[in-house]
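In structure tokens below, several structures.
In what comes next, chain A is part of two complexes: it sits with chain B in the first one and with chain C in the second one.
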Partner chain A sequence: MLIFIAAPLLLVLINSFYVTASKFETVETESCTPGIAGEICVTELRTRPLLDEDDKVIRQTRYVGLQSYRNVLELEKAAGFLINNDFRSILTIDFWKALRFTLTFTFITLPIMLAAGLGIALAVNMVSERFRGQIIFVSLLPLIITPVIGALSIRWLFIGDGILTAALEMILERDIAMFAQAWTVEVLILFYRVWHIVPFAFVVLYAGLQTLNRDTLESAIIDGASRWERVRYVVVPYLMPLIVFLTVIHLMDSYRVFEEIVGLGAESHVISLQWITYDYLRPDDAGNRAISRASASAMLTMVGIVFILALPLRQTWRDYHPRRK
Partner chain B sequence: MIKKRALAALAAVFVGTAAHAECAFENEIEIRMLSASFPAWVGVTDAMKECGNVEAELNNEFLEKMQEGFAAFPPLYHIGGLYGTAIVPLMDANLIRPLDDLVEKYGQNLNTNQLIKVDGKTMAIAMMVNAQHLMYREDILDELGIPVPSTYVELFDAAEKIQASGKVDYVFGGNFRTAWLEFVNMYLGYGGSFFDAEWKPTINNEQGVASLETLKRLTKHMDPEFLASDTTYTAQQLQKRKIAMATLWASRAQAMDDPDESEVVGLVKPASALAPEAGMIPAATLWWDGIVIASGISDEEADAAFRVAMEGLDTEMALANPGAAIWLIKGYEPGKYADGAIATVANGARPYPASSQMGLMQSAIAGNIFDYLRGEKDAPTALADMESDYIVSAREAGFIN
Partner chain C sequence: MLGPAALRPSAALKTLAFGSVALWCLIAAFPIFWITVMSLKHPVDAFASNPLIVIFGDRTRETGLGISTFGLAVTAAALFSAYRIGRGALPRCASALSRAVGTRVAWILLSAAYILITPIVAIVAIPALAGSLDPLLGIFGRPIVGLTADHYVSVWVEGEFYRNFINSMTVTSGVVLISLTFGTLAGFGLARTRAKIAFWILIAALVFRALPHSVLVTGYLPVFINSAEILRPLFGEGAPTLYGKPLPVIMVLVAINQPFTIWMLRSFFANIPRELDEAARVDGCTYFQAFRYVIIPVMWPGVITTGLFSFLVGYNDYLVTSLLLDEQNQTMVPAITGYFNRETTSTDQVRAVAAAVSITAPLFFLVMVFQRHIVRGLTTGAVKG
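Right, the complex of A and B next:
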């Protein structure tokens, strides 16, 4: 715990307060690169990092306090928009745009996943035992696919006149461009995640159903409970610990939504918090990367997850530590 | 197509192990190379392998690996194969060695324009150049009696006519998933400059606004999914008769005539990149690809690495892979697929202005241009945001105070 969780977290936290940069001098440089027949020489100003005696670049680390957090959150700018009641413009600031999508994504996929998982589990539970094995196997397939590969497939199925877009166009008899606006891309991402995660919910809940006490169900039937009432008052309460478990896992998992955005190539329309961290961390062509801001954004993501998990975890805590009355 | 490639790869494996004889010398020292991954590099590394004891890793995420690999002790790679802008961080950190003495010893067959010189020192050997330029459907333009456009003003006129004719779904295609590069090209076409002498940004000006507006006007003639459109997608649109014109990399020209993947064999012609307006230079930049040698390896290793590299970049290799690139190699005559790039250079296109600051600027542009193209910011706001994002990262990196 100490080495693998606490130490890295602490390092990221420390990183977010410091910025490391090289020292530079600006020099006039002539550089020659090829044209097609001849060469093209350009004389221009260029920065050159200063080197120490060992020919290593001199690096300086300085304490910047909360500056990196400020740069990620851009609070002043957001406040400026807020004062003018310009809510749309807040969503042009990367962090707030990503937060909006991440939360939407998390809270839309959660109920769909639970409902669909429970529905399939109940349905499979009623199928004759002979076919159950096959049905379970087939419905687990989406879970096996690597998210990046799945997202890439979705991209090629839907982009331009991809097979599925063409099929939709034929059914609806209108021109469809899934990648032309943000909301359709979001729908694709949501759809893909639900498709990917429902089997997991199904398997967990199905396993839970197997241990359901038949006697309780039968007495409910004798008491005249309808099918819906049996699910509502017997099955769901019995499965509640599993549902909380699924909720917690899913909240953690979907708050760091990332693969879908990279795989779909959706960053021009939709970004998530995790994608921002990746974007800061990824070196550009000249090798620059914003480690400090990446750390700050990672810390903010963690704070967000803790915040979101607080509610279900508190509930579970209370269930297991009932107050004495 | 895939089958064909697989067969070719298989053949390469067998040829590679069997035909040491084609290399001019027997290499005794183990040489490892890391390069980007596209057909030109496959040709080069296969030719190097003929010398024996050469191990090549082709990976499009090479940038990160190369820096770490060259900085390790001893370096994990002897030779690096990269595109021009990637040389900056390696040079800044002193990870690549000057090649002048090696060029003198073994570089008799190199053209002078293959030597990438920084302050008089040869830091890399270029093997090919690439540029984005216009590709157009000759049959459509001929039929409608439209001359090949040379500026965006002419293009917009032509676009109206082509749209009206209904011959294609959309008139134009471009790699707007990397819209930052389109902006850089357009802005340079308008004659803009990115920084002042103190590395402060200078893009929030008339040229910046004009560049953004031209790009936005262009998107009106494009597939509505333009923000997700990358090079492969654009090339496919042209190959599948969906569009009449596109801005594409020269290296994609040959694929237009590949009957396995194209429906427009013989109909697509390359032309110079378009200038924003008459009298301006083309909105395009020149890129080169080439090799560098790690500074941390011993002189004997560097010697062997360079000799192996020269075998990889020889005339034989270029003649065996004529369509893979616009080679700079002696004995190679650029074919018809290079016409667009040649015209672009002749019209005054400049090399890509690679620098550490430009890397930060790219990210700042990329972070704001989509909001502009989607209509969520106006041009001056987008440019101001690009500048402020650049300033934040340039402060962190220590370029400005």
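Right, the complex of A and C next:
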């Protein structure tokens, strides 16, 4: 684990301080074309890559310090917007745009997932036992389907005049293009993630419900608790450890949101932190990969995950090390 | 002691519960069901805005391709029995057969047979049967739903999707094998040791599990691209370029998957009583003999479950494979982007749908056969983690 995970991380850190680029030289060239009144000569400055003896482009790696981080964060530009109280413009910078989306995404899907998961678990618990196997079977499908494919299948339902867009148009009686503006795309991404993750919450909470002690419930009834009060004061506190567990897993996973953006083809409207790194790593038209900038944004992403994990980790620490006196 | 009557919900609540469960099942299954329907239609039908046209495939039927009422009934019956066999009879057969040839062999044999036979029945036997009987059945033999397998043929045969399928299988099986080998050893060790470092390893695993995959890929990519130069002092002129080859990708995916595998197998091993292998040690087994003769026979449920999730990591991955593999070695999931990036014709789109359904089908069978294991895997991490 140390070699295969920690070593690459170290490499990313180092890479983020260096930039590899082709070496260029500027040369003055004079090109002459024969004309009627004599030769017409044009002198121009040209930039061309330096070649070594084998006619290969010389590539040079140099230390740039925090320059790559600055390129990713564009702090000066952001600060300029901040001074002018122009908060919207900050979101035109890729990194801040991605950060904004990743955080909203994480915190909107979390309560929906927990509520829907708990609701379905309670409902399934009431339905007769004969169908439970089938219900769980159907529920598992969205969970284990390939994320890109799942997002694609949602996209095909809505694209152009797909049947669900057509249905929405009929209900709202107006023309709808789901992929034309950012917020509808975002709604679709949220919808996909909820669809994908609710089964997990459902299965975990449902398994938890099976171990709930009936005596506790019965004593709650004797004490005159209504059905709602029983859920509120008996079931939810009992399931609390599972809810915490689901929250931690969900924070980790939704911070990595990426596949939805590829599947729904949303990159022109909405991007996430992981997508930025991916984009830097992809070869551009000239076949170059912005490794240094990718490393910088990867490191920044890492910092975020440390913040997110700090709380649960402290809890684990306390569990393993009861207070020493 | 109160009777169960006091716990029984009122009729209204029960209806509400039933309704919401039904609604959820509809939402959960609908997108998958719908792309399956779309993949079998003429492009004009598949992207029609009227759902009835999509289902009945008017245009597809006009081109003379379709299925009759009779064929529909046969297919429905076949699907139902395939489902029943997969969920009921297959596990029973496996446990019966396992007495003769061992659990693992029985499962592998039966799953392979099931996965091979079902598509053959669906693609070859049923159309042949319907084709020969339809003319004799009058109104029941007339096609009512347009269906065509053209898109599948063009994806798998002309588009050479089977290459991507083989690549996917190489990468996935590599990931499963390697992560299970190291995972069982590490998980067993961590479950049995009382050393303090075990705690730190587990914490590190948790942190690494949270790591965005792109961060790891950023670390690997430059090394892989330049690997020929880096490895030259070691291997001489024949030093390989690791970029684009399946083996390095397997390595990266194992690195991503390993923290999870270790956590999961640790909690499985922690459930196996310590006394079991201690008894074997008292009887004179060495440490490895105890593992071989006592632990290995009882660890299979945990290993199968973990293996399933490792399979999903390898099979479902997009980010790592799309960045690290070249065109020839591309797996199925990134290959599909080749179809929808073009967006030129709606035929291309329907082909992409067909490819997507092809990718989903194995997962469908996987849930059918291993539902119990998957549920156990999801809950083990939660309860014991």
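Please note the rule applied: the second predicted complex is superposed on the first by the 272 of 325 C-alpha atoms of A that agree within 3 Å, B and C clash if a C-alpha of one lies under 4 Å from a C-alpha of the other, contacts with A are read in each partner's own complex, and residues count from 1 in each chain.
In this section, contacts are C-beta pairs under 8 Å (C-beta built on N, C-alpha and C of every residue); 3 or more make two chains touch, one makes a residue touch a chain.
Everything quoted here is computed from the prediction, not taken from an experiment.
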{"item": "Which superposed partner A:Ala294 touches (first chain B, second chain C, both, neither)", "value": "second"}
{"item": "Partner chain(s) touched by A:Leu273 [first = chain B, second = chain C, both, neither]", "value": "second"}
{"item": "Residues of chain A touched, compared between chain B and chain C (which is higher)", "value": "C"}
{"item": "First, second, both or neither for A:Phe101, with chain B first and chain C second", "value": "neither"}
{"item": "Contacts of A:Gly265 with chain B and chain C, given as first, second, both or neither", "value": "both"}
{"item": "Chain B versus chain C as contact partner of A:Gly150, first or second or both or neither", "value": "second"}
{"item": "Which of chain B and chain C A:Phe179 touches, first, second, both or neither", "value": "first"}
{"item": "Touched partner set for A:Ile40, first chain B, second chain C, both or neither", "value": "first"}
{"item": "First (chain B), second (chain C), both or neither touched by A:Gly160", "value": "both"}
{"item": "Touched partner set for A:Tyr69, first chain B, second chain C, both or neither", "value": "neither"}
{"item": "Footprint overlap on chain A, comparing chain B with chain C", "value": "159-161, 265"}
{"item": "Contact footprint of chain C on chain A as seen in their complex", "value": "1, 4-5, 7-12, 15, 119-120, 122-124, 126-127, 133, 135-142, 144-150, 152-154, 156-157, 159-163, 165-166, 195, 198-200, 203-204, 207-208, 214, 217-218, 221-222, 227, 242, 245-246, 252, 255-256, 258-259, 262, 265, 273-274, 277-278, 281-282, 289, 291, 294-295, 298-299, 301-302, 305, 308-309, 313, 316, 320"}
{"item": "Chain A-facing residues of chain C, complex", "value": "1-2, 6-7, 9, 13-14, 16-18, 20-21, 24-25, 27-29, 31-32, 34-35, 38, 47-51, 54, 87, 199, 201, 203-223, 251, 254-255, 258-259, 262, 312, 315-316, 318-319, 323, 333, 336-337, 340, 349, 352-353, 356, 359-360, 363-364, 366-368, 371, 374-375, 378-379, 381-383, 385"}
{"item": "Residues of chain B defined as touching chain A within the complex", "value": "63-64, 67, 84-86, 88-89, 92-94, 112-120, 126, 129, 176-177, 179, 197, 199, 223-225, 227-228, 230, 233, 236-237, 242, 286, 288, 326, 328, 334, 338, 341-342, 345, 350-351, 353-360, 362-363, 367, 370-371, 374, 376-377, 385, 392-393, 396-399"}
{"item": "Interface residues, chain A side, partner chain B - complex", "value": "19, 21-24, 26, 29-42, 44-49, 51, 55-57, 60, 71, 88-89, 91-92, 94, 155, 159-161, 177-182, 264-266, 268-269, 279, 283-288, 290, 292-293"}
